[in-house]
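Take a look at the structures below.
Here come two complexes built around chain A, the first alongside chain B, the second alongside chain C.
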Partner chain A sequence: METSAATAVSSELRVRQQEFFATEPAWHRAERQRSLTLYEGMPIPERPRTPLTGRRLEAIPYLERRPGPVPAGVRAAATVLLTPAGTADVALTPAQTAAGVIVMDLAVALTQHPDRVRQILGQIQNDAFDRYTALNRAFWHPGLFCYIPPEVEVVDPITVVHWLDGESPGYLPRMAILADEAARVTVVETLLGDPADLHRVLVSEVMEVQAREGSHVTVAGIQQLPPGAEAFLRRSAQVGKDARVDWHTGEFGGALSVAGLTTNLRDAGASMSSVTVFYGTGSQHQDYTAEVVHEAPHTRSAILARGVMGDRARSVFTGQSVIKKGAVGSDARQKEQTLMLSDQARADAIPSLQIDDNDVFAAHSASAGPVDPTMLYYLESRGLEPEEARRVVIRGFLEPVLASLAPASVQERVRELVETKLGGES
Partner chain B sequence: MATTPKKLELHDEYEYGFNDGDVGVLKFQRGLTREVVEEISRIKQEPAWMRDFRLHALDVFLKKPMPTWGGDLSHLDFDDIFYYVRPSERQGRTWDEVPASIKDTFERLGIPEAERKFLAGVSAQYDSEVVYHNIHRELADQGVLFCDTDTALREYPDLVREYFGTIIPPEDNKFAALNSAVWSGGSFVYIPKGVHCRIPLQAYFRINSEKMGQFERTLIIADEDSFGHYVEGCTAPVYNSESLHSAVVEILVKESAQMRYTTVQNWAPNVYNLVTKRAVAQKNATMEWVDGNIGSKLTMKYPSVYLVGEGARGMVLSIAVAGKDQHQDTGSKMYHYAPNTTSTILSKSISKHGGKTTYRGLVHMAKGVEGAKSNVKCDTLILDQQSTSDTIPYTEVLDSRVQMEHEATVTKVSEEQLFYLMSRGLSEEEATRMVVMGFIEPFTRELPMEFAVEMNRLIKFEMEGAIG
Partner chain C sequence: MAAPELVIDNLHVSVDGTPVLKGLSLVVRGGEVHAVMGPNGTGKSTLAQTLMGHPRYQVTSGRVTLDGEDVLALKTHQRSRLGLFLAMQYPYEVSGVTTANFLRAAINARRTETEPIRLKDFRDELDRAMDVLHIDHSFANRYLNEGFSGGEKKRNEILQMLLLKPRIAVLDEIDSGLDIDAVRIVSEGVEAMRGPDLGMLLITHYQRILNYVTPDVVHIMFDGRVVRSGGPELAADLEQRGYEWIREEV
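== the complex of A and B ==
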């Protein structure tokens, strides 16, 4: 009985899926169908430090769209705006267009640039990674495709704003960024919503980045989702010969955030860096994984994270640096530091190294501690109020990481968010 | 310097790989059943509570799944192991009474010599029963109890019953449950209030029979304000079939007491070494584990300290050396449950000839442990391209008024250091050995003299043919 009910739900979902994406080319609809089967057969991922059991994804009407207004300022600031309703017009500069840069709705690119899209979509991030990635592949919407032609340098960052408008219960965006040989580009992605919006929303984003030989891709992601959001963010990159990918991440919003970053250094001379600033307050739960796989000789990676945990917030930071056999001369570093503001907060760190070659260097360090009372004493002895002294110490703790955030607009935005959080600290 | 590096297979390197033929007088059938457990208890004439404890542990063992993490346990066959072997009918009282073949083994291991050097007591476990035991008069006069755990169960039943299985219950993990069901031998130490043992208490373990498990059970109680140092060394001869060593070591360090437990382990390359070691440190107490893991096929061992009293201190100093076909999955765990507790972990790993080392550790800071501090440092040297290393530290911080620091590095032997040493006329092999010795020096300098000498010799041995 139960089985037949489930089958009915499943077949209804299939019909709706095919209706919803009816205009897409057949090959991609087949991919969506395949992923739906995958999704239905998978359990909720088991994360010992972020218990997700009991979540019933099938109960979330993620295909429903309940659009609302987008504030004018949000639209104006972005190269492109993505909302649960879809991908709005792209405002590229004339120079960018002239150089052959493509930034377009991924659903349109499926038809207009099928060859390029097929080189990246689902190629960097395995759809079967977990239930959330399978869900995203089955139902992603909206999507964005960025292509930078060989040797083209995009000077101004491409800014992508996701605005969680209205009351939509699900948001499943998909990003595909393809930097051709020796191209240079910066993509700034901001996940935004009305901070006063308390409705529950499931966010499952997948971003795939391919950096071909000699290219340099910088991806900045600022997560300031509204307080009712549960976000599952998967960002994956494949880095070619002598290419480089830099991640800059700021994690501030949402009720729950499970953010995973995977970088494959596939060819010789590839490198990556990841800088993360996180700040948890209230009862936020933030779970980050930064993984790098050195598959080729002379590859380099640096993972750096600094976070502040206040109130009853909880963070889990997992770093994983893998050096495969034959990746000689590689260098992998991790550093993670947490400042603990409250006795109710909790910070777990698992900075692991997996080394299969000897001609390498690998190191990691992690630390956690309180605001240093001698620093407070010093500042207060100079006339600062205790609260102000505390803020100065927190700012000072984050400063080295904030200063390394790029581009400048992201650094500025993250600083503002830190100040907002500091203002709310008691 | 035309020294040709000697290419040695690992089995050739194992100096202690001699065996005395099958000397066991009483040897059970292979495999583990309720009858085997009852029979062990019956032969030992144990009280009913211990028999029930064993049977309960057997149930727990059978119910618990095999761990899916750590090393490869797929070749471990619990039905192909002897769970109890007793080499001679009774315990020797003096050295002269110990059977000649066994004595010969010990002599080759240097035990009598060590005794002449005023070691506090020699309690050497040869297979499952302690065959030779002598405790120094000075310690006996101070009221220190040092004997094998079977004897302790007969002579100090109340003391054993009070503490046995309280620090590591059978439910803790599958191998602790196995040990609880079939344990035999091990050491029992009780150091009374205020007593300082100036000389180390020493036991030497050795697996002799082929395909036999060794399940010693050690219980150490350091009463208030006392001080003690227990030293354990292990060797086993080489057999082709696999042996299992699964010990449980429970230590209670009471208020203001200080205890150090030193292990130098050199199991043969066919031994599964799956050991649970845990200490509880009360107020202002200090517990130190000094843990050397060389040899074995797979070691899974994570000495831990529960810091339950204010101001308690825990320290782990460990080295792991993994050679051909070996996996050392080791590390340590520190649980901070009281304010102003401190812990230090220093781990040094070396992998070579295709060996694998894994550091797997945990630092847990519970709520309300103001002023707690922890510092963890793991360094790994990988000597060749066939060898690998993983570092998996877990840290859990639930309080803001604590300090937790962790750092780790994985490198090869520095070419600059080699170049410098070779420019002074050392061969590459000598230079490498010197760098490795320097790398583990923080460990060896903490060992008692005889062990430091043995350790250096073992490392030198292990290093033979490490170049090229």
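== the complex of A and C ==
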């Protein structure tokens, strides 16, 4: 009986998949089918510090499509707006269009630019990474494809806003960013929803970035998901010779966020940096992994994260730097610090280095601790009220990392979000 | 406003259940500089921290008033706003907060009745105070005490005092760990503040700073009490004879 029930579910998923994606090219439908088989065979991921099985994620009907309204202001602010309903029209500047920059619905790009799409889609992030990457490949919608031609510098950031419409129980976006040789681009991505929207929504996002020789890609992501969101966010990059990828991340929203960042430094001279600011309150659970793999000589990486955990919030930050044999002259650094504001808040920082070559530099440090009461006393002795002293200490703790966030618009937005959290923290 | 008056009356203080101050009495008025001297472990820093309200120090009996107000009933920040200032022996490092921003926040914290200080006025005042203390102006943009040398931290305490304009200032071993040039500079800062609107309590182990700041009254502390009070000549006596004779006499 169980077998037939499982088969029934499976065939229902397959019927849905065929319905949703009937007009896609056959090669990609085949990829989706393959990924659905993967998905069905994979368990809910086991993360020791982030228990997932008790959350009953499977009870969320995340394949149902119930598009809701989009506020006018949200639409106006972005180069492109993505919602559970799809990818809305793209507003590139005339200069960007003239330079040959492509920003378009990934579903359309499957047909219009199949060769370029096939070079990146599913090539940077393994679909079989976990159940949710497989789910994303099987059902991704909406999608966005960005292509920057060789030696083109996109001056204004491409701003991508994801709006969770308050109705849909699932959101499975897919992003593919391809920077050709010596191209330069900044993509600012905001995951946004109504802060008063409490309904459960399962989010699984996959972003793939390919930075070809000599290119420089900056990806800034601000996570302000609505409070009912439970999110799996995978961002992966492959970095070519003398190319660079910089990640700037601010994590603030959602009930659960399992965010993973993987950067492969494939060729000599490749480099990456990752700067993360996170702030959890209430009963938020935030689980981050920043991973870098040095595969070639003279590659450099710097992972920096600072977070604040208030109330009963919980964070896990795992930094993982891998230096492969032959990656001589490489330089890998990571530093993670978390400030805990209450006895019930919890933070784990887990740095790790795996080094298979001798001629390298690697350093890591991690710490998590409470606000120092003597520091508060010092500030109060100059007339600051206890609450103000606490805010000064928290702001000061985050400041060195905040100051390194780019572009300026993102830094400003993250500062505002920190202030909002500071104001609402009990 | 009338000249400030700090009255400490028969103060008893314990640290982790151990009595440290055992009936200390003192009166400091505006225009006066009092030096409090004594051997290590005699309760000098306990006095300083208790006046400011450090949570580790428990007052078991006695009274402290500033201009008639019950200081011990107030929280630390309220004491500061009433006009009490403590230059700490070991100032804390506060990462991510520039000295300038912190000082402006501290000045505004006590201007609850009036408008916040104008940025230009604040900058001018800050520059003037830094000049008095021979502090490079770039200091203002460094994080508060972070990576400062011992001498820089002490000068920063005096800088804060110059800007916050307290009515009663307690300087806890402001001279310790300083070379003679730094002692002279810090002393100039202290002298610049001297006047009828400020009373000062200069806590020191050494007589050295008193070569630059002449006290009106010198108190000698021993075992949690003031055991001798006198004029500047008392400090000179100590310089010659050390603390041993006090130990023998009391």
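The criterion applied here is as follows: the second predicted complex is superposed on the first by the 419 of 426 C-alpha atoms of A that agree within 3 Å, B and C clash if a C-alpha of one lies under 4 Å from a C-alpha of the other, contacts with A are read in each partner's own complex, and residues count from 1 in each chain.
Just so we're on the same page, a residue touches a chain if its C-beta (ideal position, glycine included) is under 8 Å from a C-beta of that chain, and two chains touch if they have at least 3 such contacts.
Only a predicted model underlies this, so the values are computations on that prediction, with no experimental measurement involved.
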item: Touched partner set for A:Ser342, first chain B, second chain C, both or neither; value: first
item: Between chain B and chain C, more extensive residue contact with chain A; value: B
item: Partner chain(s) touched by A:Val392 [first = chain B, second = chain C, both, neither]; value: second
item: Partner chain in contact with A:Asp359 - chain B first, chain C second, else both or neither; value: first
item: Chain B versus chain C as contact partner of A:Lys325, first or second or both or neither; value: first
item: Which of chain B and chain C A:Pro195 touches, first, second, both or neither; value: neither
item: Chain B and chain C contact sites that coincide on chain A, given as residue numbers; value: none
item: Residues of chain B that touch chain A when the two form their complex; value: 365, 367-368, 380, 382-385, 387-412
item: Contact footprint of chain C on chain A as seen in their complex; value: 372-375, 377-386, 388-389, 392-393, 395-400
item: Residues of chain C that touch chain A when the two form their complex; value: 52-55, 75-77, 79-81, 85-86, 88, 91-92, 94-97, 102, 105-106, 109-110, 143-144, 160, 164
item: Chain B-touching residues of chain A, taken from the complex the two chains share; value: 309, 325, 328, 338, 340-370
